[in-house]
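Read through the structure below, which is laid out as structure tokens, and then see the notes.
Think of it as A, B, C, D, E, F, G, H, I and J in the order they're written, each chain with its own count starting at 1.
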Amino acid sequence: VAPFANLPSMNNLFFQAKARKGLSFEAIAKHLGKDEVWVAAAFYGQAKFTEEELKKLSDLLGVSSSSAVAQIGDNWFPYRGTLVEFPPRDPVIYRLFEGISVYGTAIKAIINEKFGDGIMSLIDCKVTIDKKENPKGDRVILTFDGKFLPYAKW
Amino acid sequence: VAPFANLPSMNNLFFQAKARKGLSFEAIAKHLGKDEVWVAAAFYGQAKFTEEELKKLSDLLGVSSSSAVAQIGDNWFPYRGTLVEFPPRDPVIYRLFEGISVYGTAIKAIINEKFGDGIMSLIDCKVTIDKKENPKGDRVILTFDGKFLPYAKW
Amino acid sequence: VAPFANLPSMNNLFFQAKARKGLSFEAIAKHLGKDEVWVAAAFYGQAKFTEEELKKLSDLLGVSSSSAVAQIGDNWFPYRGTLVEFPPRDPVIYRLFEGISVYGTAIKAIINEKFGDGIMSLIDCKVTIDKKENPKGDRVILTFDGKFLPYAKW
Amino acid sequence: VAPFANLPSMNNLFFQAKARKGLSFEAIAKHLGKDEVWVAAAFYGQAKFTEEELKKLSDLLGVSSSSAVAQIGDNWFPYRGTLVEFPPRDPVIYRLFEGISVYGTAIKAIINEKFGDGIMSLIDCKVTIDKKENPKGDRVILTFDGKFLPYAKW
Amino acid sequence: VAPFANLPSMNNLFFQAKARKGLSFEAIAKHLGKDEVWVAAAFYGQAKFTEEELKKLSDLLGVSSSSAVAQIGDNWFPYRGTLVEFPPRDPVIYRLFEGISVYGTAIKAIINEKFGDGIMSLIDCKVTIDKKENPKGDRVILTFDGKFLPYAKW
Amino acid sequence: VAPFANLPSMNNLFFQAKARKGLSFEAIAKHLGKDEVWVAAAFYGQAKFTEEELKKLSDLLGVSSSSAVAQIGDNWFPYRGTLVEFPPRDPVIYRLFEGISVYGTAIKAIINEKFGDGIMSLIDCKVTIDKKENPKGDRVILTFDGKFLPYAKW
Amino acid sequence: VAPFANLPSMNNLFFQAKARKGLSFEAIAKHLGKDEVWVAAAFYGQAKFTEEELKKLSDLLGVSSSSAVAQIGDNWFPYRGTLVEFPPRDPVIYRLFEGISVYGTAIKAIINEKFGDGIMSLIDCKVTIDKKENPKGDRVILTFDGKFLPYAKW
Amino acid sequence: VAPFANLPSMNNLFFQAKARKGLSFEAIAKHLGKDEVWVAAAFYGQAKFTEEELKKLSDLLGVSSSSAVAQIGDNWFPYRGTLVEFPPRDPVIYRLFEGISVYGTAIKAIINEKFGDGIMSLIDCKVTIDKKENPKGDRVILTFDGKFLPYAKW
Amino acid sequence: VAPFANLPSMNNLFFQAKARKGLSFEAIAKHLGKDEVWVAAAFYGQAKFTEEELKKLSDLLGVSSSSAVAQIGDNWFPYRGTLVEFPPRDPVIYRLFEGISVYGTAIKAIINEKFGDGIMSLIDCKVTIDKKENPKGDRVILTFDGKFLPYAKW
Amino acid sequence: VAPFANLPSMNNLFFQAKARKGLSFEAIAKHLGKDEVWVAAAFYGQAKFTEEELKKLSDLLGVSSSSAVAQIGDNWFPYRGTLVEFPPRDPVIYRLFEGISVYGTAIKAIINEKFGDGIMSLIDCKVTIDKKENPKGDRVILTFDGKFLPYAKW
């Protein structure tokens, strides 16, 4: 579909094979020994598989591992950040945006008060999603676990 | 400072009094029995204090509680979402944006796989920040805990 | 035509078959036991048919139900919100935009006064259109029936 | 507050008096014999009071009716549509926008199928909001009742 | 050429046949009993031919009338307003834009003074172009003849 | 009001005096021997009065003609085109925009067919508005009468 | 290459033939008895060759003159202004933009002081480029020679 | 007036004094031994007077030279390029923009063909305007005389 | 001047005192034992002085150190990144932008080839400027010295 | 991949051959006697190889040198600056943007203080990247070495 038209063709093969095999990201992630959010990110070209991971994945999905390595192996680096338009309009992604729009300055204030002048890294950062069951409606627990980086002075 | 020029004048008084008293959001939040991120959000006009909270807060900060109630009490509703420009350029807030830009489609995919066709609510959602100490550099744990809402059909 | 170039190819087949069979959305909706606005939204990729609905629809339109299920069945989730550019320039859609542009703050004020600090959900929301005949010119009655969601505090 | 900085100063006086008197739009509307959404729109400078309405309103609110007539009477015409930024970021108004973004093409299709080539007028249009109580959460019923206008040919 | 890439393919056939036959819009319009500006608008997908007009036109241009009816007949509605980028950069179209940019507020003021609170409809509106010969340089007479619509109150 | 905040202060004095005296643009235009649309344009800073016109106008409105000449006389040149945002959102002005958006390419085609490769000048152009009474609703006749300018070649 | 993807296909043939024959715009211009800047503009679809010029050019380049006439002959009018994005990012074109950005208001002031209220026409305008050799570095002499057009009043 | 609100206050004093004294840029430029376009640019904050020029100018205009030196003397550097919005909408400045929009790629092609891979400098560039009288309408001759800079390779 | 209108008022006092004392950033930096680029960044509100640095600086500039500490001391955190509009139009800053625009993908490619999947940190980064004298024209040596951060996987 | 879709097809062949041969830009640069950043820039169409360099490169990569010369030889000039969207969203390139966003005004101030009124050229500029090993994390040393150009006056 449209927002994903810019992915390397290998990634589209991965998506089709995943659908054909009826595999969830959770199942694939378990097979690779990785987290499902990270694996989904890599499917969308936002993270980089090692050669070994590419092979394991290709075997699982039944696609050519040599093509995978040739196209998105060592030689390739993710060109991140181009999938989501801003403001995003898909309601699922928009809500994340709304989270920053409404709570972003509060988050900055608390990070600065708790840690000093610096940022939460999104490079050394892990993103996870958990499902907390709740009779009034299940809850999505979305967590960013990122290293604090203090500003250099010179 | 500039990005906050649009806040109600009461909120600016709150910020000045907070600075004068040397109070952190953590301390204020404890006093009000609320979370520090939510309190910071309310300081930035992104959440609504009850009349009782306004009074408690005004007493703590030494500002007029009747002015507070008159200006941002029952009669007033937050006009949310205007503080952060997009893409944000302050590096702390930008990293949150980068989180969506890079991991947003993966997050959507996992939410849809785990919960079905719907969204994580940002209305019925709680945002918290924890500090996880780590010898290689402390880590920021930022959590969104939002209700899953399935799409209506009719 | 152009604004719809990003739909899954299955949806384009649905549109062509609908035209070929001369079926209105109203007729299709009756056949599926759904509302015509919802059905049109699903044709435009903005809502998700169940597998059963996909089969019924495919039979009615004379297209392959297995292709339909394979492409936009369980495995697929709508990527909503990308069809309409903003500001929209088609006059029919622009008038809806003008409605928000002119009456949006009034609507917000009344919702907040009547219901408190919160929103009208567009996830748990039903949209319907009725025709009210009138000698001076028929009238379009467009209704949004959405759940009120109060803001969480924590 | 900020998004309303562009209103004529008379309108700001109206808002302050309304707050001071503790009057809801519903109460004011009843007094004027108008609908509350329309009255709120006129407060926000998006509709035009007649001279008689201005006098009645000024009396109710305890402000100078001659100033009101001088500033926003016969001589003045609303410059509509400048209050809401697009995409709006206040969540209440954003949801309306999302309604068009997600269901706009479906609404256009149904209007065209039901009425032919033309539009729903937003000039000859009435907007109302009702509260439908519901044990699972009250519902907002937002209705646009606009005249259908067929396209001229020449 | 580029700005017209989004037209239905039938319309492109019309343009090619018009060129091949060396017919002006004026000649085609006469044949159809319509105005040349309206006919050009319909060629650009901004107006809707009746089935009878489609047949007459197809015969004149020597293209298949059944294809025309199938593609842009009853079943199809114009998705207007997407041909011109804004600000337009073609100098002919830019000058129209400049007309609004420079004289738009004056036009609004005069319409409001002459007619009251309302608009000139662009739905019930006829657009014509005449050539007035003049020894100092011929003049283009561009006229919009639109119905005045007063604002509803409720 | 807001969109006019950028006018020279003299022009705001003109507007206030016009309101105080209850004069229409039509009446002022007659007094100056000019068209009402042009006069309104000059009030909005989009055209330049001669010194003689400034004096006549100042006398009529009862404002200081020497201030007028000093501020917007010989020494001043209009900085045109900054009053209207694009797309305009006031519905009166938007409809003009919609006129170009929908009929702009048709207008270009007819101008080019009737006159050749060139433009309708908006510099040597006169804009007028007439009211055509009509039992089904009065009509606004908006006319642009501009010189055709052929493209230079060299 | 990309920015030129929207040209009529005939123009791309011209570019390829020009490259194959190793002809400069200067040489082609001499052959046609025109200026090189104008000829380059016509290659980029920003000016219109006469039928005679099209034939001469086609012969010189060895392409079919009947195709040229059929595609971009009498029947075709340039849709100008779509090649350059703004702000342009190619450094050669950006510098022209910077010229307006830095010196535009000064140029306007001097034109208005020297000529009165009006503009320099870009329709009746000739653009030329000369090379002035200079031991410290050759200089580009870029000249716009445009007719002054005074503003109409009415 | 509005587009110039960002100039240092000294520059606004210069403009007022220039108007009061009835001096043209041409006259001021002669007095300073500079070109009128450059002087106008410096008035608009787009170029930097030397201390000596500031003194001469202040004497001519009858303003305090010590204030001039203190505010925009050695210590100050122009922050260029912020006066003109893009696309500009004042018709005089827009026509310059249109010049690049229509002829920019042609100009680039000719500069590259005549000089090689590089640019015309807008830093080492002189801009002048001449009036060429002509019975059919005077002509504006606008010239950019800029150094050619070849691209470095390394 | 305008782009700096958003700085805390203390910073404006620093700028004025710096001008009054005729101190360069180089001199101030030496006094503080810091680099001149970093000091200029802190003047522009893009870095944070320690309390000790604020006191030293206030003494040097002859401004109140207690005001400085009260306003931009411990309690304050830089809201970075709002000074430069993008694309920047001041030619000095634009050239930096052009550097990324032209060489950005090449820089990314080399960083990825030399260091792997990750980024050059702009948080742990030092920026310096040196002057390299050269008979053909002095050269600016601008250096970014930033830590490489490899992407986390999880 | 997507952001590079606009490159001449020859450049894509170069990229594929480079991947197939497993050559780094460093290795290719050594072979050509050039710097690796410059070579990468030329691969991305942001710099121009001489004919001799094209031949050497084609031989090294095993592609047709005559095709290379025909397509991007003498006849072709780079259309620079279109690869990177702004703000860039790939985190590697964004950090460069953040460098300007945060430190741009400081860099301008220091360049102006050290060199006077002028710019650092990005045309006569060399860009290099070095790896400085460091036990706490290797560092990227990115250097721009550009000629200072003083502003012309006339």
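As a convention for this text, a contact is a pair of C-beta atoms (placed from the backbone, for glycine too) under 8 Å apart; a residue touches a chain by one contact, two chains touch by 3 or more.
All values derive from a computational prediction rather than experimental measurement.
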item	value
Magnitude of the superposing rotation for chain G and chain J (Cα, nearest 5°)	70
Interface residue identity across copies chain B, chain I - same or different by half	different
Computed distance of Cα centres, chain H from chain G, in Å	24
Euclidean distance of C-alpha centroids - chain B vs chain G, Å	54
Whole-Å gap separating chain B and chain D, where each centre is the average of the chain's CA atoms	29
Junction residues of chain D - those touching two or more other chains	3, 38, 78, 80-81, 87-91, 94, 98, 101-102, 108-109, 112, 118-119, 121-125, 127, 149
Chain pairs in mutual contact under the definition given at the outset	A-B, A-C, A-D, A-I, A-J, B-C, B-D, B-I, B-J, C-D, C-E, C-F, D-E, D-F, E-F, E-G, E-H, F-G, F-H, G-H, G-I, G-J, H-I, H-J, I-J
Residues of chain J touching chain B in the complex	87, 89, 91, 94, 98, 101-102
Contacting residues of chain I [partner chain B, same complex]	5-6, 8, 70, 75, 78-82, 122-123
Chain A - residues contacting chain C, complex	1-3, 19, 22, 85, 88-91, 94
Residues of chain J defined as touching chain H within the complex	34-35, 38, 47-48, 77-78, 108-109, 112, 117-119, 121, 123-128, 149-154
Complex interface listing, chain A residues touching chain B	3-4, 24-26, 36-38, 40-41, 43-44, 46, 80-81, 83-84, 86-88, 90-93, 95-115, 118-122, 124-125, 127, 129, 131-132, 134, 136-149
